[in-house]
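This report refers to the structure that appears directly beneath it.
Order of writing sets the labels: A, B and C. Residues in every chain begin at 1.
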Amino acid sequence: MNRTIIDCNANLGSWPFRRTSYNTPEDLLERIGRVGITQAWVTSLDAVVLKNVAAANAPLAEAVAEHDALRAVGTVNPSWPQWERDVAECAELGMIGVRVNPNYQAWLPTDPIFGELLSAAGELGLFVELTVRMTDERHHHPLMMVPPVALGGLLDLCARHQETTIMVANANNAQVLGVARDAAGPLPERLYFEMSHIESVGGVQAVADQIGVEHLLFGTHAPYYYPEAATLKVFDECDFSEAELEALTHGNAEGLLAAR
Amino acid sequence: MVIDCHVHVQSGLGTAEDRMGYLLAYAGRLGIERLCLSLGTSRDQRPTPETVRADNDMVRAAVERYPDRYLGFCYLNPCYLRESLDEIERCIVDGPFVGIKLWIALQCDQPNVDPICERAAELGVPILQHTWIKVTGNQPWESTPWEVATIARRHPEVTFICGHSGGNWELGYRIVEEVPNVLCEVAGGDPELGQTETGVAMLGAERIVYGSDAPGRSFASQIAKVRGADISETDRALILGGNIQRVLGL
Amino acid sequence: MSAHGSIIDCHVHPTAARGDGPAACAAEMLRYADRMGIEWQGLSLGPVFIQQPTEDEIVADNDFIAEMIELHPDRFFGYANLNPNLLFHSLREIDERIANGPFVGIKLWVALCCNHANVDAICERAAELRAPILQHTFFRAGGNLAGESSPADVAALASRHPEVTFIAAHAGLNWERGIRAVADQPNVCVDTCGFDPEAGFTEMAVQWLGAERVLYGSDAAGRSFASQLAKVHGADISDDDKRLILSGNMRRVLAL
């Protein structure tokens, strides 16, 4: 069946701790295309460990320029001077959002700078991707062990920045459900979770039931992960209705972009 | 035939009957026909013999209820050696269990594990040993592939299944590469692209087996490692079921 | 000063290890500078390489530099080394060394973070004398020393003294961050000295600050003239920009 599937969490470029394959635009599209994914939002793997993270933005925009199926998400570090300029550059480059890795950039989401970033990004129509982790903490390089980002305070930020769309990427079941528990009711309208790290048997469905499927985005974390993990979870293991599948695979993502 | 060599009984999900049916329903959606089941609801890391027997009885109930779908792996705490050997008699010799499951009660290169291996050799059953290599620090008695390689060299006639391939599979494969009676199993880690291809390249497809670690992990995310791997269909069939069929003599 | 195009090294420390006394030290520094085409060297911090110097140590240090300048007034110029914790003494040294010559600038190291009221008083006097301030700056991984300044500190200080030219030495060491930290403060230049010859530094500095705000310096004798010059010679920038960095800008700063 010709379903539109938008992968909201794919990557391009090199990861310093493993030789990755399928990491050029052409190869990535071919690889995720094998499982029926038709579009992808991509971030730069290189930017996670660059100090001057913004140096990866123009090359990423250039890499996706000739591929209508790819949309670029830039990387910014609000703890560095002139980050505002980087956010503006991402908008000028036609990117759809900006990604932060607070754990690799040595700041906390509760720091005031994150609020400033949320305001600036929202004004420019960029969503903010808060990436909780990149890889399993148990197998990090022994000299670069980076703990995951804690999501305490996220709901307060959403309340103060209702104009900004936030996508939390690479959060696991416990982290997503922790936010849902703290919310004790519907999640903020513009808060989304991407599902690549949702595990356990039927886990994606269980999480969707808790947070509302409208807050969940399809994502693979490819090419670091096998993209089959996401499609098998959503289409084979879980028992979503057709309406839920439409929302999860592209409706929510399209709505997110339209509402930015 | 697709066989998942690493599935656990886990509390929750209703009654014992409910949870056995629940796992089978989800496995069926992914074309997984048989599940190797171990551990019980205790999740006791150093269980007493009583707890071991109670946990194994949960597995036994599942196997007896669904004999065509479940295969039992007998959980042991090698710290209790005499009771462990008794439990092998009760569960494997008297049936219906087909393998041994060792978790994190004792590192598997310790002398207590040798008599268990000798009995496994006599009975022709494999040993599924949990392994992980954590930069964040292992549990005190948690095994790594190094201990599996050590014990496997002492018992070349026993097939060992290196659970999770040590988690850090790039390292785990290297550790057991030259010990031919060790198989590596892909369960329980993130679906990192390259895991299966690397295993096939280093150990050969005959030594890689599919497992999920469900229900803590998703059947889907784990079988994706094999379904999505750039390997031949022959190799894929071995990993998904052929190898464990051979090991279990099915 | 001499012919256009000759190189000015804005950041040199003639440590005593390079020769016994000012004359031997000068000869040694000139011998190597000649090989590299460096005509002028901006000197400070001689034999007294002390992070928290006393008044006597400051005087001894500046005397040593003064003697080198006296021996070769066509090759050396000086920055008076100050300890801003000793404010009255600092202001006296400025009068004795700069107002009366031959020093032309001020050197501040790590005795006191420059975003401090004591340094404001020094800046006011520097403005009157049109003396540039060469301030050591690091963004040190794991945290700066107690009295150590970062480029952000220099930017804050410079915003209060727009008529003074500041040189954020080493561009903060972690230059990708340091360049960003001073980008919006037009009276702050960065120098190229004192860190490994990492490709891309000079290009980023020119792109962000304009070539007019980038100064060649070496941090010799602790660093090689050569490794530091390589950052300019090897940069993918125009020859005009290289000339500005190697000498034109420093001529402007010193009003030569």
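Note that a residue touches a chain if its C-beta (ideal position, glycine included) is under 8 Å from a C-beta of that chain, and two chains touch if they have at least 3 such contacts.
Quick caveat: nothing in here was measured; it's all calculated off a predicted structure.
Peer 1: Report the chain closest to the protein's overall CA mean, measuring from each chain's own CA mean.
Peer 2: Chain nearest the overall C-alpha centroid, as shown: A.
Peer 1: For this structure, which two chains have more C-beta pairs in contact than any other pair?
Peer 2: The largest set of C-beta contacts joins the chains A-B.
Peer 1: Using CA atom averages as chain centres, what separation in Å is found between chain B and chain C?
Peer 2: Whole-Å distance between the two chain centres: 66.
Peer 1: If you average the CA atoms of chain A and of chain C, how far apart do the two points sit, in angstrom?
Peer 2: The answer is 45 Å.
Peer 1: Please tell me the distance, in whole Å, between the geometric centres of chain A and chain B computed from their C-alpha atoms.
Peer 2: 33
Peer 1: Give every residue of chain A touching chain C within the complex, in rising order.
Peer 2: On the chain A side, the touching residues are 51-52, 55, 80-82.
Peer 1: Which residues of chain B touch chain A in their complex?
Peer 2: Chain B residues touching chain A: 22-23, 26, 29-30, 132-136, 167-168, 170, 189-194, 214-225, 227-229.
Peer 1: Report the residues of chain C in contact with chain A in the complex, numbered from low to high.
Peer 2: Of all residues in chain C, those touching chain A are 152, 174, 176-177, 180-181, 183-184, 204.
Peer 1: Mind listing the chain A positions that touch chain B in their complex?
Peer 2: Listed in rising order, the residues are 18, 20-22, 35, 135-142, 145, 197-204, 222-233, 236-237, 239.
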